[in-house]
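The following pair of complexes shares a single chain, subunit A, combined with subunit B in the former and subunit C in the latter.
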Partner chain A sequence: MPIPLIPGAAYGVAALLLPLLIAQPPRAETILVSNEKDNTITVIDGATLKITHTVPVGERPRGIVLSRDGTQLYVCAGDSDRIDVLDLATWRVVHHLPSGSDPELLALHPDGKRLYVANEDDNLVTVVDVQQRAVLTEIPVGVEPEGMGLSPDGRFLVNTSETTNMAHMIDTGSGEIVANVLVGARPRAAVWEADGKRFWVSAEIGGTVSVIDAEAQSVTGTVEFSVPGVPREAVQPVGMVFSADGALAYVALGPSNRVAVVDTRSLEVQRYLLVGQRVWNVALSPDGKRVFTTNGVSNDMSVIDTATHRVTHSVPVGRAPWGVVVKR
Partner chain B sequence: MRGALLGLLLGLGATGAQAVTGSDPDWPCVQRLVPVLSAGSIWSGPPLPEGDSWRQAPEVAALVTRIAPRAVAEPEGLRAIEGFAAPLSPEARRRLVPLAVAGTLAETNRARSGLIESIRGFARRQRGLAKTVQRLSEQLDAADAEARGEAAARRAELQQRLFFATKTFQDAERTMRYMCEAPVRLESRFGAYARAFQAALPDGP
Partner chain C sequence: MPAVRALALVLALLAAAPAIAAEAVLTVGYLGLSVPRVMPNTYLDPPPEDEGIQGARLGAADNNTTGRFTGQRFLLEERVVADPEGVAPALRELQAGGIRLVVADLPAAQLLEVADLPEAAGLTLLNVRAPDDALRNESCRRDVLHLLPSRAMQADALGQFLAARRWRNILLISGPAEGDKLYAEAIRRTARKFQLRIVAEKPWTFDPGARRTDTGHYGIAAEVARFTQGLPSHDVVVVADENGDWGDDVAWRTAEPRPVAGTQGLVPTSWARPHEQWGATQLQRRFRARTQRWMLPRDHAAWLALRAVGEAATRARSTEPEAVAARMRAAGFELAGFKGVPLSFRDWDGQLRQPVLLASDRSLVSVSPQPGFQHQFSELDTLGTDKPETRCQFR
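Take a look at the complex of A and B:
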């Protein structure tokens, strides 16, 4: 059951929010959240923000990604050492894909066939053919591979390695690493801007986001964060998503319980939004009007209105929510 | 086989993995250590009073004592907050709720610091144990496998000591994963309390 959040109740903001909530048009989108400790996927109706299904999957589900046609969800089931394929019409796991050991994060190539999976324990990126359901190749990378970001044209995969503190640029054609870029400590996510010219890498311990020019293969800017009243070590950048027009980036800041709204030109933080506890990943609705966050400690999903930059709802989901994607 | 095990103990065990990142060798948990929970990371209501002025309000002190100990389950604490706020006038709530949040945060931090210290102590013991395993393993490698008599008995004893030290280490690693969850549970409970306090604040200025 969604709970309308009234952050400024004491200041009478509730009355202002009410018409917004009532005037919400029906939305066809569906939000999918992986719950690391419940071994489930929570399915939420975008219009009502009510849970419609809770689907059991393999153990420790974290990274999730939609198939190109939007009919299936690929789920990294880390402790089951496999990828579960969830059919989004019947809400059942229809088959598994091989993944290598302890898959955590994954990225789907624009061809819809090649799935890139980070294997944290083996220092490998495994490339899986989703149609043949077979491993195509394994790419050795840095220690404890984490984030996976494919360039919009599919030419490059960026993989971050937690312990090596590097972003590896991999040519998807040859499967070779073409560049290693040093970033902040314990890099997490890697996301590309829509035009494919730059990608962003978040560093959980470093507390920064590195912005990397893809052609120069070097860091051209760094986003710094400072949340008033919150100690530095609680500011841990993790998941990131860009606004529909690319002008803003929404960066999840872990146990500071904030999402930073960053201007992608100046790389300055415009504001910090208070969401649930230990915010980990973020996703944008297809119409660009809302951002959804997974909050691993408060076990909920926050909903951010991108027009007003208000946190409008908290939707309780499973235990330790981790990944989030939105299906049209 | 033994080499692989050693690699696991010294390189990939929770203690080892943390040492690799170089941040804090005594902090064995996957979660990065946030030593103190701050009001600013959770509370968005009016500013909280500093120090322990919350102790001066008897009803606030009683509530904090009831809900802050580690063993209190979240639903029980939430019921107590509701029971605390329900009979209060809007004006009393405006005055007492921030005091109650300040007290709950201070006491939650105190309980959490205790947990963090015991986790650190545990991690230090684990590192000591890992060194013992390494030393015993080296001694065993050096011992003559073909030896007879007293030397053979010594070697058998070494083997047994290595077995038990390894087993103790591995059992403790599992315990540690569980221990690492405890500060997170307190953080989560404090978040739920803070939201309940926020909801108890009256509307309007």
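Take a look at the complex of A and C:
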């Protein structure tokens, strides 16, 4: 059951009923959340924010990504050492992909064939062919590979390694590392801006986001966070997503329970939005109007209205929700 | 002038370039004193012979994975001696071999002995074994960094937890070993600090010695019940038994039903088996895959020591021991230790500031500092000896 959040008491009962009374525009989108501790994927209808399916998958599902045609979901099942392929019509796991040990996060190449998987235990990025269902190659990277970000043209993969504290730029053509950029402590996510000129890397322990110029292969800006009343140590940037027009970035700040709204030009934080506990990952709706967050400790998904920057709903999902993607 | 500057810049770049192209090597020493193993009360967890050094080896391996990208290579030169007399010669050997950073897996007495050797001048010692508060206070040395939390930090971590839960009245039982007395002293200091009350204090003198006989449990139960009878009302029993000789025998046998904490029961510690938060699962797995055993606090401290060296070398872009040692102590140094927050060294006593876990055998119960224990600079400094109260005057 989605719980509508009322911004102020003054809105009263009318406001409480508003979301129910006003006919919502039809939203075909479906939100998919991986639940690390339940070994399930929660499927949420975008229009009603009601759970339609809870699908059992392999153990410790974290990173999830949609196939190019949107008919399948690739799920890193870390403790099962495999990737589950979930069919989104029948809601069944139809087959597995080899992944190497303990897959955590993945990224799909624009060609729709090559899947790049971070193997936390082996210091490797495994490249899997999703059609052949076979490992193409393995690329040695730093200690505890984590974040995976493909440039929009698919030329470069950025992989972060949590204990090495680097973003590795990998040429997807040659499979070679072309640059290693030192970032803040315990880097997590790597996401590219739409024009492919810069990518952002969040550092969980460093408490910052490094903005890296892809051409220069160096850090050109750093986003700093300061949440009033929250100890600096609790501000741990993890998942990030850009607004549809690219003007803003939404950065999940972990146990500070906030999502920061960052101006992508000035790199200044515009505001902090209070969401659920230990907010980990974020996803944007296809129409750009909503941001969905997974809150790992409060076991819910928050919904942010990008027009008003209000947190409008909290949807209880499974235990320790981790990844989130939106299917059109 | 600008031409000179430009030339200097070119030279600097030329000088820096080979450091990346060719491999720069930093050798870290590991100096250990192996102590004859004493089997603790429980036979379930026999102490491994390689505690500590396995953590250092994993730390070096992790550093080298990073080093592949930075052109840095880390070697570990191991010297583990069985005789306290052999510690000083082993240090001299390491020093003569050009080593300037040494992981010290030594009891306090030997640590001080080697720290005060003339050959130790210019060396940095990374203490991974001795939790003694004296080493962070009156006996502190400028060139010793402490990776393991001090007894005061452990006691404060527990004290904050007890205060937060309002379990303010403590029965303190301490054993006969020197470490037990120091642990009990740390608990007393914590009690004063957080306004807890030690309502009764008793030394443990009973040696059951018969736990393998068929009715051994009966004797222990009867003895603990007698031992804890007729005492002032208390909320919790705190035991000080660092060797694990009897502390596990207290729980469930007290006259009043009271939880047990301290060296057994709910244990304040830098590392514990149930810890899997903040990515700790990865370190636990990596360690187990290598060693076929669990990571212990000393392993974790030694891993941290190597990682501190590696992190400083990465950030300083140098494998010069002086540059690395300076970077470790510099403001802004941040070490990730699977505790959810950046760790750094206190400049007043060389202690690594870090959260302390509170764990029972199979469950991570809490992590201190507890919410609400505020600090002007870092909440981590609510644990252990803070700057205004330090008795350390570096020499």
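Here is the rule we go by: the second predicted complex is superposed on the first by the 312 of 328 C-alpha atoms of A that agree within 3 Å, B and C clash if a C-alpha of one lies under 4 Å from a C-alpha of the other, contacts with A are read in each partner's own complex, and residues count from 1 in each chain.
Everything that follows uses one rule, which is that a contact is a pair of C-beta atoms (placed from the backbone, for glycine too) under 8 Å apart; a residue touches a chain by one contact, two chains touch by 3 or more.
All of these numbers come straight from a predicted model, not from anything done at the bench.
After superposition onto subunit A, the modelled positions of subunit B and subunit C overlap sterically.
By the document's definition of touching, of the two partners only subunit C reaches A:180; subunit B does not.
In the overlay built on the shared chain, the residue A:230 is in contact with subunit B alone; subunit C does not reach it. Applying the stated contact rule after C-alpha superposition, one finds that A:274 touches subunit B and leaves subunit C untouched.
In the superposition on chain A, A:255 contacts both subunit B and subunit C.
In the superposed model, A:140 makes contact with subunit C only, not with subunit B.
Residue by residue along subunit A, subunit B and subunit C are tallied for touches, and B comes out ahead.
When both complexes are overlaid on chain A, the residue A:205 reaches subunit B and subunit C alike. Shared-chain residue A:163: touches subunit B and subunit C both. Contact with neither subunit B nor subunit C is seen for A:58 once the two complexes are overlaid on the shared chain. Once chain A of one complex is fitted onto chain A of the other, the partner contacts of A:318 are absent, as it touches neither subunit B nor subunit C. After superposition on chain A, the subunit C segment that clashes with subunit B is 289-297; the remaining candidates among 289-297, 325-333 or 379-387 show no clashing C-alpha atoms.
On subunit A, the surface touched by subunit B in one complex and the surface touched by subunit C in the other have residues 143, 162-163, 185-186, 205, 231, 233, 236, 255 in common. Across the complex, subunit B meets subunit A through its residues 20-21, 23, 32-36, 38-42, 44-46, 184, 187-188, 191-192, 198-199, 201-205. For subunit A in complex with subunit C, the touching residues are 102, 120-121, 123, 140, 142-144, 161-166, 168, 177, 180, 182, 184-186, 205-207, 231, 233, 236, 255. Within the complex, the subunit A residues that touch subunit B are 6-12, 14, 143, 162-163, 185-186, 204-205, 227-231, 233-234, 236, 254-258, 274, 276-278, 297-299. Residues 62, 65-66, 68-70, 279, 282, 285-286, 289, 307, 311, 314-315, 334-336, 340-342, 378-380 of subunit C touch subunit A in their complex.
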